[in-house]
Structures are given as C-alpha cells and as structure tokens.
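First the structure, in the form of structure tokens, and then the observations on it.
Going by the order they are written in, the chains are A, B, C and D; count residues from 1 in each one.
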Amino acid sequence: MIEHFPVVVVAASLLSAFTILLSGIFNRKISYYISLGTVTFQLTLSIFILDYVTKYGTIRYWLGGWRPPWGIEYATDELGAYTLFIVLFFSFFATIYAKRVVEKEIEEYKIPYFYTLWQLLISGMCGVAVTGDLFNLFVFMEIASLAGYALIAMAGKRALVASYNYLILGTVGISFYLLGTAFLYAVTGTLNMLDAKILLSLLYENKVVHAAFVFYFIGLVIKMALIPFHIWQPDAYEYSPSAVTVLISTAMAKINAYALIRIVFSVFTTEFLEKFLAVWTLVAWIASAAIILGSIFAIMQRSLKRMLAYSSISHVGYIVLAMSFLNTKWGIMAAAAHLLNHSLMKATLFMVACGFIYKTNAKRIEELEGLGRKMPLSAAAFTVAAISMIGIPPTVGFVTKFYIILASLETGQFGFIAVMIVSSLLSLVYFWRVIEALYMKGHHGEVRRDDLPALMLYPALILAVLCILAGVFWLAKGVVFLESIAKTLEVVG
Amino acid sequence: MIVPLDIALIIFLVVSAIAALFVRDLLASIAILGTYTFVMACIYVQMNAVDVGFTEAAIGAGASTALMVASLTKLQRYDTGKRKKAKVVIGAFTVILLAGLFFYVIEDMPAFGDYNSPANKRIEIFEVRDTGLSEKLEVEKLPEEIKSRIYLLGYNERNNFPSLREYKIVWNEEEEGWDVLIKKNETFFSGFEKLYFIKKEGEILKVYRYSIPVRWQEKSEEEMNTPNMVTAGLADYRGYDTLGETVVIFTAAVSVAALLRRGYLE
Amino acid sequence: MDVAEMFLARYNYWSFVVLMLIGLYGAIAYGNLVKKIIGLSIFQTAIFLLFISLADVGKDIERTLGLKSGTAPIVWEKGIEEGYIYVNPVPHVLVLTGIVVAAATLALALALMIRIYREYGTLEEDELKELMG
Amino acid sequence: MSDVNVVIKTTVRTMLPFIQLYGFYVMTGTEGAGGGFQGGVILAASFILYGITFGAEKGRQAAPESWNTAFKSFGLWIYAGVGMLTILYSLGRAEFLNYSATFLSLFVPHTVARGILIADVIEIGIGMTVAASFISLFFDLVWRSDEDGRS
C-alpha cells in the first residue's frame, strides 16, 4: 500500500489545484482551506514515506505498470523521501503563514488563482523529489518554475521585472538541463536514472558524457543561483509576495539543490568526478567565493529582505562546497543536513522580515528601530535564527559548518576551514546590524506591544525553536540517518 | 530523411533565425519566427517525425505566433536596438565557450541516421572471449560468465532490474545473434521480453542491451491496440510525463489569468 | 576524425549548434524583452531539433543501395516487408512535451511583458533598470 | 463592424463547424498522427478565428470564461482521475495510470481497453484542457485589457 504514496502525494496536490480553480467560481474563501487540507494530507503521507524508506529501503514504483527503462519510474530513496518531507514541511508552515499576508497583499478575486498556483508549485516540487526519471524531473521542475514565476509576479510593479529576469534565466537553465538529457540519451539510450548510472559507468571516457555533465551542472546551478549566475535571485526574493518569498527561498531553492545532488551523485557518481578532480576542486573554490561574496553583498544591503536574499546566495555556496568533498562522507552529509538547516533558518528569518513589513511597513534595516520591544516574540524568533546563521552551537547553522570543517580536516583541504570562519564573522556583521536596530536603537520609553497575528507568529516561533532542536538532533541521533544518505549516494569515507 | 532537402531547409532556418533577431520591427520579427517554426515543422516531418511536425505547426507556428501577434498590439512595436556593451560581451563569450565545448564533443556523437546507435537500437555493455560460450548459447543456455558479468554491472534484483533466473534464448535471424528474453513481471504483462542481445564477432561475444524504442516499436499494437507508437508512448508508456505536460499548459493559463484579469472571470 | 566525417556525416549536429548559439546569444545580449523571448524560442527549438535528429534512421539515398531507410513510427506492415524501419518514437514523445512547455513559457512571458509595459511604458532593459531605481 | 466584412463573416461562419470537426477528428483515434494537443489547439483556433472575425466581445460570449475554467479543470480531472481510479479499482494492485485496471476491462480484453482509454478518454481530457487553456490564454492577452490602466 505504502508504495503508492509518492505518486498519491503528487496527484493529490494536482487534483486540489484543479479543484481550487473550479471552486473559485462559486466561493473564494474556500480555496485557502482546500490548500491547507491538501498540504496537511501530503505532509502526513510524506512522514509515512520517510519512515518506510528508512526501514525498508528505496521505494521503486513503475508508473503505468511499465518496467524501466521502458516506462517512468518513481524511485524514492532516503534522500528523496527526506527532501519530500522538507518540501512539504515548509509548504505546510508557509501555507499557515500565507493566510493573513495573502489577504493583505493579493486582490480578493485573485486569491483562488494564488492558491491554484501555490498547489501547482508544491506538486511540481514533490514530483522532482520523488522521481527516478531524468525527463520526468524536467517536466515537474518546469511546472514548479512556471508556477513560481507567476507567483512572484503577482506582487506587481518591480516583481514583474524580477519575475521576467527569473523566467529568462530559469528557462535557459532548464533548457541546459534538457540539452544534458539529450546528450545523455544520445550515448546511453535511456532516461532512467539508475539505468543511466549503470550504463554511464562504461562511458566515463566519452566526451558527450562530459558535455552532458557540464550542461546539467550549469543548468541546475543557474536555477540554484550560485555566483556568478545569481543576478535574478535578489530581485525575485525581495519583491515577491511575502508568502511566496517564504516558500521559494526554502522549498524551491532546496529542490534545485536536491536535483543537483541527485544528478551529480546518483547519475554520474563520485567515480566519474574523481576523473576530473581539478575541475571539481575549481567548483569548490567557486562555491567558497560564493560564500564570501554573498556575505559581503549582504553587508552592503539596506533592505532587510534583500540582505536575506544575498545571504541565501552565500548559503547556496555552502551546499555546493559540501558536495565537492569526494573522499569523505562528511561532505555530502553536510549538504544533506543543510537542505533542512538552511530552510529552517531562512523560513524563520523571512517570516519575521515579512511580518515587519506586514505590521509596520518597515523594509529597510534602519526602520526596524525599537521593534524588538514592540514585537518581542517575532524579534526573539529572528534573533534565534540569526544566531543560528552565525553558527553558534548547538544551532543548525553550527552543524553544517562543523560537518564541513570535519570534511576539510579529513581531506586535508584546510583552506575551507578559513572560509567557514570568515563566513561566520561576516554573517555576524550583517546580522548584528539588524539585532542592534531591533533592540538597542530607538527611544527607550514604554512601547505598546503589538505583535504579529497568531497565524503568522506561531509558525515563525516553532521554526525558531526547531533551529535549536534540529541542531541537537543532527549532532546526536541524526548522524545515523545522514550516514545512510551518504551510503545510498555511494560516497565513500 | 532526404538529404538535399534537409540541407536546404536548414540553411533557410539559420538565415531566418538570424533575421528574426536582426529585424528592428518586432511584428516582422515575429512573422519571421513564425516561418522559422514552420520550416522547423517541415524538417521534423521529413525526418519522419509526423506527430512532432504536426504539433510544432499547430502549437509552435500557429498558436504561439498568434499569441505573440495578439500581445504585440499591447506592446511597443519597434526595438530601439540599444544593447549594453557588457551584455554583448557576455553573450559573445558564452557563445564562444559553448562552441568550443561542442567542437570537443563532436567526435563521440553517434552518426546521423545510424539505426544501431544506443538511442535507436541497443547499447554494448561488455564483451567476453568466446571460450565455448557460443555452444552453450546454441542449446539455449546462458553461460554463467555472462550472467555474472550482467549481475555485477548492476542489472540485478537489488536494483529492481529483472533477474536472470528465468530467461529464454532465441536466435534472431535478422540480426544474426541471440536475443535473451527475460520475465517482465509487470502487473498485466508478465510474459517474456527481449532485453539483451548477444552477437558473435570472430572470437569475441559482444553483449548488448536493447534500448527503449525496441519495446515501443514491437509491442505497442499488441499491448494497447494502438498502431501509432507516438500516441502509445505519449499516453501510455510515458503517460505520466504527458499528465505533467498538460498541467504545464494549465499552469500557463492560470498564470496569465492571474496576471492580466480584472476579475475572477473577466 | 577527418573533416568530411566531422561535418558532413554530422551536419544535423552542426545545424543544431548554430541555431542554439544564435538563440542563446539573442536571449543574453539583446536589451529588448521581446527579442529576448524570440532568442529563447530559437534556442529551445534547436534543442528539439537535436532530439529529433537523434531519432532519425537511414537516408533516402541509401535505399537505392539496398540499405534500410526510416519511416514514421506508425505500424505499417507492408513497408517493413519492403525494407523500411521505424524511426525511434521516444525522442518524439519527449519533444512533444518540450514544445508544449516552450509554448507555455512563451505565453507567461508575454503576459509579464504586457504588465511590464503597462507599468513602466518601455520594454528596454536598461530603461527599465533606470525606472526601477 | 462594417458590411465590408460580410464576406469574411460568412466564410468564417461556414468554416467553423468543419474546423471543429477536424479538431475532434485529430483529437481521438490512434491510427494516424495527432492527439489531444494538436486537436485541442485546432479546436481553440476555431474559437480564436471567431473572436478575430466578430470581435473579442462576441468571441467571449461564444466561449464564456466560466466554461473555460470548468473545462480546464475537468480535462485534467479526467486524466488524473483515471490514474487514481486505476489504483482504487484494483485495490492497490495496479499502479497509477495503469489503464488495464479499470471497469472497461470487464467488457473487453484489457489490451483493447487500454487502446480505448488512450484514444477516447485520455486524449479527450487533454484536448479539453488544451483547448480551454489556449482560448483563455488568447482572450486574456487580447481582450479589453488596455482600456483602463488597472490591472
């Protein structure tokens, strides 16, 4: 029974999207509740999937009953189930958070459209997380991307231009992905990931395969917004509607990272990468540059949302850097852990940052003065997440850095330890400005407390608490889970 | 394909692609893009891709051009032709870089029109020395050596590929080799299906794996009563992709409505 | 590999390369938003051309030499007896999906352009950047 | 519109049913080329032609948006619904979109049932969604949206 769940997760979301559009003709209030109900249902299923996969191994499901390579296969392994859980977990919190902001920011008649696209975005992301087919991944990523462009543009004005730039670059990225698939198909004649992996092991010397890897990598890196392909990202995060910022900065960014990990490790394998160790080391240094430059750009920003967007660019660098360690399990473990860690921190930060805009229309950092007393709980959530970003133990931010440092110790690349420390210092600099504005500036008289509405506050608070709890979890029991992910991706060490 | 026609059409394509970008008048540009797509559809048809040609003509050349012309009434008609130096440099740089990459690749690309290429027919997975193995194959037994090589490569039950415990070996008259049939274990089609192909070349036995189109071409009429293999592939073998594709169009329609409408239904 | 083999036997590949690079250059270098999307369309169709030419088998001239040549992937028993073989239907299916995706992207881009033009009165990238501040 | 257009109007009015019939012909059937996408676009083209000839206002009346919205959703409901139905009907034995596991298999061999489902149910579903989507895309991009600045 449980092997049907991955496809049911995707189909439920699609069906609810169609229903929301239809129900909009009769009743526009109901669309939110359909969306919330579906996401809750999906989240429940994804927990069952995660549980099953960790106990019994990969779920392989032949869609339409056709054996791969003739048909499409859904292959949900530990990493896939874990990513599915992350996507739905943050979709769930973003959906709860969305109700009030959407009512404020989106015109009333557009709300059913908003939730239709919201559900399509979620189902696209779920489809990417569970699939085991190269072309199917393209289709679902395209669903998610199109819905994403439209959702960003729904804020109007500057968001339109941001969305257009994202559309052009995103389409170039996804077309590169398609081109990579074409090259791979030309030499292997298959579209199934596992099958491709097996056949590729015979073709590592083939130049078409090298080109396919380059196209996959560039395509997905454009979608992830690694420096120097990041130009679309800050605008898109800053100007989009608040709820959309929360969703795309967490789930959407992670699904692209997941796709990269999947292609690099489950299709091309570390054995292939070791043949091009020099190039792969270059990638590691580009990622390090992204970490540093992203932080420096973040320091230069005056708008809070934009600062967080640049900090996201820096954290994309973390994931790519963590992937670049080949001979140790700690690298890929850091990448996998950071999928959740970064989502937790960024979701909290963006929820509170958008909450400041919702409540006081404070977009710039200097406008935040005194909000620490006016909105104490939200500010506390922000502070916890910020501390976590800086990387103070035992928060989640520390975990990633710790694992990366372990990896660089094990492989003897001590340069990356310096990168980690510098990055921590830089994030201390840019978060300190915000915390200073929140608590230390402004008049010190009595301020009437006026915090966010409960539906927006509690998601942020829960995620902030999880920033610490998850950190403890990763350091204690979670290591076993991460090791099993490293084992499925066949990273030795 | 018919080679001279193909080359003539491709030259036309290149010229119209450059012209579409060169022309300042956007309406003309869109019209040229329309012809470009239509010629592309012709190329598809003469490469025997009738369904794709049909779709490209209907959606690419027809609907897309109609949408572009329709929305051009709301946009400015002329391109000012202003271009940023930096972007031109980046563009040229990207083009040169990619051209270099394509030159690097060309050597290993399968030749045009090769019907035994990995994509079209089968891919060689390994070769073994024929030390009495072919005699075993003659009596329809799969030698242990080949079996274990296939197993070690990764085509085993652990990876959800069919086991070689149940198999059949059939002599393939046309290709002059042995087809290895395996049990499919699909819910409704559990019979035997050819998957591997073994060919003797001198003292060496080459083992191949059949690619996707072999099943589609040989079985689509039998399994789903559908003579058109593209329809069969589209709606059934890869039906889930088609669901996704329909959802993409749905997404586009909803997105455009969300961006341009002034009421839920107007 | 000699020049004839590189260019003549694989001319489909070179036509794809040329079209793709033209399209990509258009999408990156042009400042006009409509031109960008036209470049993107050319870029995407070039990729579809690669897929379709991967699927094609045989050449018509070679039929006179007794070699096989391709026919559309629709069951045709008489043709098979005459020595035709079906072309590969798999890339056709993929390209059908790709074409629809490209059309959907185009439609969304057009809608965005209409909104941008209504909001800012221009479709030139550098002017937009100035107006956005 | 002036009377000059009477030729165009009459021609279009005569052509429309044939275009639509052709659209349906392309949409269904498995023998020839074509399928839901092509048929759906041709069907949409007939409405777009009508809209161009008689004005967007009248075109909108011929293809009201409430119907478009409904068809968009229904088409996909049919497709994804068949997928879910196969799981439910076979009580989890068959996979998503495994067309053999439907009620139709009670009456005809399941391979024939597959053909029927592909040709006449799935393709119609696709055609519905595609036609409705393209009609609404076209009218959204064209219709009246420039009369006032409000978005």
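What we mean here is this: a contact is a pair of C-beta atoms (placed from the backbone, for glycine too) under 8 Å apart; a residue touches a chain by one contact, two chains touch by 3 or more.
All figures in this text were calculated on a predicted structure; none of them were measured in a lab.
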Both-way neighbours, i.e. chains that touch chain C and touch chain A: B, D
Please flag the chain sitting at the greatest distance from chain C, going by CA centroids. A
Interface with more contacting C-beta pairs, comparing B-C to A-D: B-C
Taking each chain's mean CA coordinate, chain B and chain C are separated, in whole Å, by 12
Between chain A and chain D, what is the separation of their C-alpha centroids in Å? 36
Using mean CA coordinates as chain centres, what's the gap between chain C and chain D in Å? 26
Distance from chain B to chain A - Cα centre to Cα centre, in angstrom: 30
Could you tell me which residues belong to chain D and also touch two or more other chains? 31-33, 37, 66, 69, 72, 76, 80, 83, 94-100, 137, 140-141, 145-146, 151
Residue numbers in chain B touching 2 or more other chains? 50-51, 55, 59, 63, 67, 71, 74, 102, 107, 109-110, 117, 119-120, 187-188, 211-212, 216, 227-228, 230, 232, 234, 236-257, 259-261, 265
Would you mind listing the residues of chain C that make contact with two or more other chains? 20, 24, 54, 72, 74, 90-91, 94, 96-97, 100-101, 104-105, 107-108, 110-115, 118
What topology does the chain contact graph adopt: line, ring, star, complete, or other? complete
Quick one: in the complex, what on chain D touches chain A? 66, 69-70, 72-73, 76-77, 80-81, 83-84, 87, 92, 94-100, 151
Within the complex, which stretch of chain A touches chain C? 135, 139, 142, 146, 149-150, 153, 156-158, 160-161, 163-164, 167-168, 171-172, 175, 178-179, 181-182, 185-186, 191
What residues of chain B sit close enough to touch chain C in their complex? 1-3, 6-7, 10, 13-14, 17-18, 20-21, 26, 29-30, 33, 36-37, 40, 43-44, 47-52, 55-56, 59-60, 63-64, 67-68, 71-72, 74-76, 79-84, 87-88, 90-92, 94-95, 98-99, 102, 106-107, 109-115, 117, 119-120, 211-213, 216-217, 220-221, 227-230, 232-234, 237-238, 241-242, 244-246, 248-249, 251-253, 255-256, 259-260
Inside the complex, what are the residues of chain D that reach chain B? 30-38, 41-42, 44-45, 48, 65-66, 69, 72, 75-76, 79-80, 83, 93-101, 110-112, 114-116, 118-119, 122-123, 125-126, 129-130, 132-134, 136-138, 140-142, 145-146, 150-151
Of all residues in chain C, those that touch chain A in their complex: 20, 24, 27, 33, 36-37, 40, 43-44, 47, 50-51, 54, 90-91, 94, 97-98, 101, 104-105, 108-109, 112-113, 115-116, 119-120, 128, 132
